[in-house]
């Protein structure tokens, strides 16, 4: 499983609406509206590196109300939880 | 459950070591070593707002090798997964 | 009581008008027009973490003339004053 | 009453200790440890403009563990609370 | 006397026109068109803290052609000149 | 008369001491300790462009406690005061 | 062979389209859509310094959907691969 | 001779056209289209400080296609070349 | 093949030495010393996502003289060259 | 002739000394001490692209007192002066 963290700026008055649209995209496991300079943080979890291009520049960046995205990809995940089994349920094959 | 996202800069040659120390702290559910300007991103998930002060400035900021932290707190969480039940297992009462 | 500090940029010629609109929102205890890069600083004081999402992205960000907001949440409050009793009077139940 | 907001960076592992030292200074009504790029935010409330120089560059900047300060002065305060009477109790004459 | 330094960005082709409008405002003693990232620097000198709000967000920010302002207030003035007597002539009572 | 505005960062606990040393330099008419990211602002007023090099990189930058300087030169001065006669008294011939 | 690395910001929803247009330009050997603050990175490899002006400000900057470019030129190339022979095939004479 | 270095941002697709207009201005000795965050760098060389205001905010900033300028003035020039005699040929008296 | 672009800051006087050490690491296909704010750009090309953690935080960040790294991962590669066959020769299995 | 503009930060109290050392390097035609965030600007003019690596990372970056350099290379030069003949005198063959 490859994890990408996407920091998102939205139109200033559409944070909630954009979050609800993004969380419905395949490959997006969670969206948080957050404090600080960015408005949303989306966790993208996919099986193969190639899917990142489809999910992020291909779909997430095209959601209306998205102004800017800044993606950070996880080199490695450290956790006592079995994230793979939790999140793989919602992933496309 | 309150979620905080902590972006962390570490000594340039200790990314892995710091990640392994942080993931063992109570209240930290996952740590990711990430691309971009910061070195690590830690997900902190606690039951009460008061615990954030203990976990982040109280413990995480004092892990040797941590140079700077920048915390963002989630206003709201959007997910099709039941994050509360997944992550509450590892949380202190 | 949870305290959030919201730094706000407004349209350059509407600082006063936006401040007067924001201070009327439930959960906002004080607004300051300030020197420096931001135009306003609003103190948001609420009883429960969940109210932050309603007050800040839900209402404050939608006040006309608001261009950008940057929220910082207090981990802990240090004061010789009993802020809880002073400010809880204006808070929604 | 003149209000100044001081954003403070501290040594990474001394946030709590520095906050406790700053809140004891005359003229400081509240200190918050906060999320985001800065570590602390101090509210300074004084009767006369001249006192700002004594409180901030004169004393607050010299507290051990303070690395950088960035002060913003309030042009005007908007509040439904009588801040003047609440906070003037702790102010030097 | 309280001194405020206002860094101003103007429309790129209206620097001279904006400077001439700002220097006519009560409370503004000098305006400089300057090198670097900002276009103008205005020195505001007033008798009372309250006047800053009228002069800067109240009037200066509303001069047509002003795009952004960033105000810095002097804690203390160091000079061998008697600035008080020089500049108080042009100040409103 | 040529005017230069010098923004100065000092050691965090030496703002007052550095200001007092800088205001004694020939060519410096005023120093302000200021709010915001920089600690001091010095106004340098000289008769000839060549003197700027002596005053700023030559002397001001070498005052102990100065950490960084950022100079902005005035293209043009707008004022209802006769700044030339006020400030030329303290200038070297 | 002279190598230039061009970081490119595009309209937020046209990353793929702009990449496909840029990779067809003479002198461009590869385009990557990338994580982080910029959207695309283009590798420009030319025989003579003069060609850089034609390829980058002359053509690449004029591709529709390009919002900003930031070019970095290689002083020197270190590689175990014979990049010269690989990439010179696509270069104009 | 006083030298000013002007960093210029232009409309993204008009770099060449703006450079050709700026190099024709009196007082401008050279224009370079450059790599990095800015698009052009203009060298302005004049006899008297007063001419800088005419050349830069007065004329250069008003050239169509100029979006932002950031001027740096030389305190001192170090060179083995006699720049004064080379460049004074093109200067207005 | 997964491509990562690593921007590297080195000790100011060791650019060449650090480049020569980095280009010898498995997974690094090219290093460029570059103009602009960073000193080096390394192209990392690996078969599997997991190798990125070994190559970049695991080895590249620990090369003596490396001060900071900022990694950008390619979502997708656009090229008329068969980069896969060129660069896969030097890759570990 | 290829022109590179090098912005240089020096130790705060060694601007003049570093400028005098840099202007003696082969390939450097002029050095300016400048206002603004950087301390020096060096013009490097060489015959061949390869010489840039020798002059800038190879020699200029190693001058004692240099803290940071940021190089911008000219794509194209616009001038009514014959810069080639003026500056080629000081260039190495």
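Every chain is named by a letter (A, B, C, D, E, F, G, H, I and J) in the order it is written, and numbering of its residues begins at 1.
Definition applied: contacts are C-beta pairs under 8 Å (C-beta built on N, C-alpha and C of every residue); 3 or more make two chains touch, one makes a residue touch a chain.
None of the values given here were measured: they were computed from a predicted structure.
Listing every chain that touches chain B and chain J alike gives G, I. Compared with chain J, the chain whose C-alpha mean position is the greatest distance off is C.
Checking G-H, G-I or B-G against E-F, more than half of the residue-numbered contact pairs recur only at G-I.
Taking C-E and B-C together, the chain pair joined by more C-beta contacts is C-E.
Mostly identical positions are employed by chain G and chain I in their mutual contact, as over half of the interface residue numbers are shared between these two copies.
Annotation, chain B versus chain G: rotation angle of 180 degrees from the Cα superposition, expressed as a multiple of 5.
Measuring from the averaged C-alpha position of chain H to that of chain J gives a distance of 18 Å. For the pair chain B and chain F, the distance between mean C-alpha positions equals 46 Å.
In terms of their C-alpha centroids, the spacing between chain A and chain I amounts to 26 Å.
Touching of two or more other chains is recorded for residues 16, 33, 35-36, 53, 57, 70, 72-73, 75-76 of chain H.
All chain pairs in contact, by the document's touch criterion: A-B, A-C, A-D, A-G, A-I, B-C, B-D, B-G, B-I, C-D, C-E, C-F, D-E, D-F, E-F, E-H, E-J, F-H, F-J, G-H, G-I, G-J, H-I, H-J, I-J.
The touching residues of chain D, counted against chain C in their complex, run 3, 5, 16, 19-20, 22-23, 29-36, 38, 41, 70, 72-81, 83, 86-87, 89-90. Within the complex formed with chain H, the chain I residues making contact are 35-36.
Contacts from chain A toward chain I in the complex involve residues 2, 49-50, 52-53, 56-57, 73, 75-76. Contact residues of chain D toward chain B in the complex are 12-13, 15-16, 33, 35-37, 39. Looking at the complex, you find that chain J touches chain I at residues 4, 53, 57-58, 61-62, 66-73.
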